[in-house]
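There are two complexes below, and they share chain A, which is joined by chain B in the first and by chain C in the second.
What follows is the complex of A and B.
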């Protein structure tokens, strides 16, 4: 590896901003929170880190869609420092 | 020109509640030629906090009928169709077909999927709005080339995790914002103006007074509008809402292949549902024969129990548990959900 290159699964932390909506806003007790994760982490890793803090999240995993920087992404999407990740559970009321 | 276009347009508003109240008033005031209103519910005093088309004198009366009375006073030139029925699998496509587009102003997930599916199958746009506490969502599904609700949310949430507005509470004025936005999107689609919310989900955060937007695309694996769509008709059992899965372990369709390395697929579809075959190695016992054929099952083996859409299999798991079987998993969404991910399978 070149000197100074960022390792894909290194130990350098990156910080992402997590926005939670609907039910998840209440479960996480915050609409917005910062999350430190390892460089090279994927959206699914960020979810797992949040679910460690708040195990009640897990029953919402399969129905929640996640957006990164304003675009819906899959759980294997690789995160970068400063990304804004929005957790979007379905909202059903009317 | 625009006014003439609206006068010849027909709009179906499904749900005359918190979202329907403002949406209906702006559509009628704008002069949409024909407005159908579907709601089988009666006005209740807890509705008045957000369902502003109703008054205290309307308690106990059908919402669609009261709404039409109010709207006639606002614009008598519109033709109104009060439809005091539940929007259901047996009338969904027929109703949607009679109008140019539909507004989803309902408050339950199973009906939202039903509206989306009927709209896509009938080639109509589904102008969607939903609210929960302080959060709202708006989008336009089913427009030509655009994504549908299932592209965004392939899977309904667990029923017990999703309180309705009546249970969870909602900021009444948020219903006004989202419902009025739906009317605005419907008018834009009818008039062919502006940039409707196609492939865009607007997120209204009334606490922070912020609107965000998330972009999404048509999902090529979508069970309804994907390249190998599994949903080609409206089947009642798919919309009756999955009963709460009390303690029954569920398996997502994407993990079925992995699970079948250790488990046997128990296919409980009826013969008429399974004419085109099943997964290799599956044990086929129709739910209607389960009692009589239980002796064919091995209580030491693991089974993934599957039916077409995931309702009968849940019943079968419960029945097998009562009979002493313990190593059972239920395939969420049924074999249709699996087939949607595997073009080589044709289950229906």
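What follows is the complex of A and C.
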């Protein structure tokens, strides 16, 4: 397993890259992290794995949009090895 | 041009890209305010962006503006990093054959940027504290 990756149930993991911004980046204490998850996992499973590591994340679930490879996706979106998942809190540009 | 930049925004340079032949151009500049909504003294803002998605969102917003207002040219540039009060955080330049389309497109672009572009800001106060600020017009 890659250094820094977090194993989640299952024997055939895939590795995704998680990007976090704003207050979520601060909560996770990282702008980018690798996450090992079971093949066939969905975005919601990746969120749960991250929330296991950082319980404070969960209160932000309803206000967070999630992008996979640059496209906003729903929690049931199935992840593939090498996917880039970005956690986007409510925006503040301008 | 659609860009996220780290260096100071120079509006005159962006206006150089106004199309020859257009009859009206409107520039909007967002500037770091010295006071927060609650009246506290602001020392500066820290901006960050999901850069590839932000620039593609700018392009999408410009496409939408053209669908709504006709043949309009748009430049959208947002600065990230540490900004002090009085500095320009965002610039939108819209030009068109006539002024109404330029005004409408400029307004549309900044409103949509604030609503949905993946950019975040942390407000820093004179007393040393700081907090993440969300736009009221947020998509969510």
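Rule of thumb we're sticking to: the second predicted complex is superposed on the first by the 81 of 94 C-alpha atoms of A that agree within 3 Å, B and C clash if a C-alpha of one lies under 4 Å from a C-alpha of the other, contacts with A are read in each partner's own complex, and residues count from 1 in each chain.
As a convention for this text, contacts are C-beta pairs under 8 Å (C-beta built on N, C-alpha and C of every residue); 3 or more make two chains touch, one makes a residue touch a chain.
As the structure is a computational prediction, the values presented were derived from the model and not from experiment.
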item	value
Side-by-side fit of chain B and chain C on chain A, or clash	clash
Partner chain in contact with A:35 - chain B first, chain C second, else both or neither	neither
Touching partner for A:59 - first (chain B), second (chain C), both, neither	first
Partner chain in contact with A:67 - chain B first, chain C second, else both or neither	both
Which of chain B and chain C A:89 touches, first, second, both or neither	both
Partner chain in contact with A:23 - chain B first, chain C second, else both or neither	both
Chain B or chain C, by number of chain A residues touched	B
Touching partner for A:46 - first (chain B), second (chain C), both, neither	neither
Superposition clash, chain B versus chain C, among 168-176, 222-230, 258-266 or 312-320	168-176
Those residues of chain A which chain B touches in one complex and chain C touches in the other	19, 21-23, 25, 63, 65, 67, 70, 86, 88-94
Chain C residues within the chain A interface of the complex	30, 47-50, 52-54, 56, 78, 89-90, 110, 113-122, 132-135, 138-140
Contacting residues of chain B [partner chain A, same complex]	15, 17-20, 104-109, 112, 129-133, 135-137, 152-153, 155-158, 161-162, 164-165, 168, 170, 175, 201, 203, 205, 207-208, 212-217, 252, 332
Chain C partner contacts - residues on chain A that touch it in the complex	19, 21-23, 25, 63, 65, 67, 70, 86, 88-94
Chain A - residues contacting chain B, complex	19, 21-23, 25-26, 31, 59-60, 62-63, 65, 67, 70-72, 86, 88-94
